[in-house]
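After this come two complexes, each holding chain A, first together with chain B and then together with chain C.
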Partner chain A sequence: MDLSIFIQLIVLGLVRGSMYALMGVGLSLIFGIMEIVNFAHGELFMIGCYIMYFMAAMLGLPFPLGILASGVGLLIVGVILEKGLISPLRKKAGREWLMDSFVLTIGLMVIFQNLALIIFGSVQRGIPYLVAGQSTFGDVVFIYDHLVILSLAFLTVGLLWYFIKYTSLGKAIRATSQHSEAAQTLGIDVSRMYAVAFGIGAALAGISGALLITLFPANPNAGMGPVLKSFVVVILGGLGNIKGAIAAGILVGLLEAFAVFYLAGGWQNVIVFSVVIAVLVFKPAGLFAPAGERP
Partner chain B sequence: MTLEIEHVTSGYIKEVPILMDVNIVANQGSLTGIIGPNGAGKSTLLKTIYGYLRPSQGDIFHDGKSIRGLKPDQMLGQGIAHLIQGHSVFPAMTVEENLELGGWIIKHDRKTLDRALDEVYQHYPLLKSKRRMVAGALSGGEQRTLEIARLTMTHPRTILIDEPSVGLMPKLVDTVYEEIVKLKELGYTILIVDQKVHKCLDVVDYIYVLRLGQNSHHGPKEDFVNTIEDVIKEWI
Partner chain C sequence: MNILASPQRGMNTSRYIKLALVLAFLIAVPWLWRENRFITTVFISALMFGIWGVMYDLQIGYGGLINFGFAGFICAGAYGSALAAHHYEINPWFCLLIGAVASGLLGFLTGIVTLRLKGIFVGLATWFLAEVLRLTISNTPEYTRGMLGLAVKPLPDVFGLDFSRAALLPYYYLLLILVIIIFAMAALMVNSKIGLSFKAIREDQLATETLGLSTTKYKLINFTTACFFTGLIGAFYAHYIGILTPDPTEFGVPRTVEVLTVAYVGGRGTLWGSILAAFLLIGFQEYFRQLGAWRLVMYGALLITVMIYAPKGLSTIRKYIW
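And now, the complex of A and B:
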């Protein structure tokens, strides 16, 4: 194989993969702690796209501000959704919670898409580039945008990893997802942890949408593709498994890049979903689940 | 007197009280046991004390202060810890992380937290040697030890224990009761709810018998040593 093509495909795969990882980690975090399969995750991505467009294209602000605004904006949206809708419903639902959360998040998905359609119309609102230009090393072309997306995505995942692993709030979130009743007896305000976790998951989706605006222009359905892929990531990585979601996200990105190049556009979905089916059959707890863990 | 339950009526639905006018006192530094047949309201009592349920009548005092209406996550701050039924370690976190979370309410006071951690390691050298292991990899008995040690991180005054032997291998049951007696010797006030009447009677100082959600008998352990079989017969 030609080395330059190989490197090019790795970069392309990592760019897409880092987005899938960001989306998947958020979805996984939310599921792990609250047992919600958030079907509206793609719409949080979509809101992130619009915030980025508003900040960068309409106000003409530098793009890092747009990314920051998307992250903070979606954090707030996430906390409001959790406190205003999810939490009250969870208290009423009891054992029926999983089904109720399906209906709630699918409903949110429809509402957000149609609100966006009414407010912004169906026009695609994109930004041509975050940082213009490219460099060539030998036969390999590095588009600056790709490098920016890649490094910011890795920075975000790294910060999240540090937060979850080492800060006391992060530890309390993990404790709540592993045994919420015990966490509560130790003085941890569990409902606050739910709000924080949902907010962070939403913020990750928002950052993802903002970062990828050059590839996925803002439009009411912008989140439909990414959310499907993030479900793939979460299945491959194991529901609730953060490390698994990061690894699976990158794996899916790379698989797609190589499938498109060596087979044809369209084949990437065939390959990826075949892998998903194989994983569901042979290793249903996910590729990266600790030995013996069940789904 | 550390924990006083005064004329408490409580239940899951307002119209259907499970506990009716229950009175219980757990004395400072002693081990008080609550026994009773299934459905006597033992678990409901613990849930009411710890704030999962709010009593519709009556009041609960800890150190003379009413704790009625406080939420479960506020109880440790009042000096009341709760060992819940079944396993309650955070299985994917290390032993040390589990213990640190035991000190969640004092997390801003790193010095006190570190000192508490040292004390726990002195008392339970086993936990020190396994502090980097994930808690889920410990044996059932070791997990119980970790759960008990985790409760002592903030030096609460009172510890509520719900069915300490549920889910344990029979071999380990005695060890757990020994740990509980050790806690008492350290000066903790302990209220224990138990199905294993004879085990419970071995370790406690004072017994309350609940029946159909009401006080039935109570008295120091000595009063029950000879009559316990008769009390149990009444339940059947």
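And now, the complex of A and C:
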């Protein structure tokens, strides 16, 4: 294979992969800390798209402001959802929490999708580029937009990493995810941690939506594709495993870029999903879990 | 969960009368309004979603099995039957059975594959299995006609009854008979030793195993039975609707969510709640067609309300009506 095509596919794969990683990290964070399989994650992504469109295309503001607004907006949405719906459910649900919370997020998905349809119609609202232009090195074309997406995605993951690892709030969140009762006895306000975690997970989805608006224009169903991919990513990486989600995200992005090049259209998803089923059956804790570990 | 001391079990005279009234309603209404095709189509949809809800309930409410690929089993039944009729000239009446067996077999295999998985992981695995099936159908247009749509023959006439596309009533009564049989079998099953085992596994798998019950066996029974009947109604659906496409709204997540909503709103672990919920939800949805997307917003809101405030769904009203 031609080296320039190879590099091109790597770049394309990294761009997609970094987005899947961002979505997957949010999903994994929410699962790891709250044990919620958030099926409405794609709709949070979709809201992010709309906020970005509103800020950048309608108000004409510079795109970093749009991304910031999507992140902050979804953080607020996430905290409201947690306080208003998820927290009351947690007080009632017992052993069936996993399933009950999953069904709750299905309800949220249906509501968001159809509200978006009512408010904005089914029109696709996209932005052609965040940063115009491209440059060529030999035969390889670097579209500036892709580089912006890639670097901002890595920046976001890096910031999240710093936050979780080194700030006291991040440490409190990790403590809650490891053992919520023990965290509580140490004086950590666990219910606040849940709200913060859901908010951050939602913000990550919103930032992905905002960054990807040039590839996925805002429309009521914009979240359907990304949510499927982010579930693929978190299953491969192991539900709740944040490092795993980053690695699996990039892996899936790269695989997809090469699969699109080599395989006929519709089959690539069949192959990816079959791999996912195999991982679920043989290594349900994810590809990167120690051998024999089961959730 | 109090399984044994349930004072409401059993039938008495007043309950037989109520049951007869319900059946009379189901038999008479489409007949009385037979000039109005719309009423019959609404009743057909409600019965189909009702019995799918019952099968969903058999899995989640009794077996504790999360089947998030439910639409895939409808799909297996529908395409199994339609392809057999299309390619091999088999009598469509027999194809109904082929569809049911195809779906039941898929259910059995799914059960085996997901045996070691717990809770939500079963849901995720079934979801991806259903997507693989749907995408495979849409990728093989030379055999299944994919997104072009597979035309399905109507059922041939029997006993002088006209099952052509124009005749809705025979389809309705056929469906009603199927629904009564399936419901009766499901009710017998959950009230038998098998049903008790389902409940025991749902409540505590480990404890059940220590009592010497094979969770493997009962999970497989549950998966296979529910999927067999789901596929049977899916096969009926294929011949009734006349054209199949592997579209997400038809055989993807939205369809699963519809059935799941019926089962949850009806009340898990009741069977009959799903039928009631289907008639209310489908009736509501058809009556308020002009609401457009709002009715789906209400579906979502209803689902959330049920989850937070009424986990038993409509079945809480049982003490007032039964």
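Operating definition for what follows: the second predicted complex is superposed on the first by the 291 of 295 C-alpha atoms of A that agree within 3 Å, B and C clash if a C-alpha of one lies under 4 Å from a C-alpha of the other, contacts with A are read in each partner's own complex, and residues count from 1 in each chain.
What we mean here is this: a residue touches a chain if its C-beta (ideal position, glycine included) is under 8 Å from a C-beta of that chain, and two chains touch if they have at least 3 such contacts.
These figures come from a predicted structure and were not determined experimentally.
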Fit or clash - chain C, chain B, common chain A: fit
Touched partner set for A:N114, first chain B, second chain C, both or neither: second
First, second, both or neither for A:V270, with chain B first and chain C second: second
Greater residue coverage of chain A in the superposed arrangement, chain B or chain C: C
Which superposed partner A:V11 touches (first chain B, second chain C, both, neither): neither
Chain B versus chain C as contact partner of A:L68, first or second or both or neither: neither
Contacts of A:V140 with chain B and chain C, given as first, second, both or neither: neither
Chain B versus chain C as contact partner of A:V131, first or second or both or neither: neither
Which superposed partner A:L85 touches (first chain B, second chain C, both, neither): second
Following superposition on chain A: angle at chain A, chain B versus chain C, Cα, nearest 10°: 90
Chain B versus chain C as contact partner of A:A182, first or second or both or neither: first
After fitting on chain A: smallest Cα gap, chain B-chain C, Å: 18
Touch list for chain C against partner chain A, complex: 60, 66, 113-114, 116-121, 123-125, 127-129, 131-132, 135-136, 138-139, 248, 257, 260, 264, 292-294, 296-297, 299-304, 307-308, 311
In the complex, chain A residues that touch chain C: 37, 85, 88-89, 92, 98-100, 102-104, 106-111, 113-115, 117-118, 224, 228, 231, 235, 266-267, 269-270, 273-274, 276-277, 280-281, 284, 295
Interface residues, chain A side, partner chain B - complex: 168, 171-172, 174-175, 178-179, 181-190
Of all residues in chain B, those that touch chain A in their complex: 50, 72-77, 81-82, 84, 88-93, 97, 100-102, 104-105, 107, 147, 150, 154
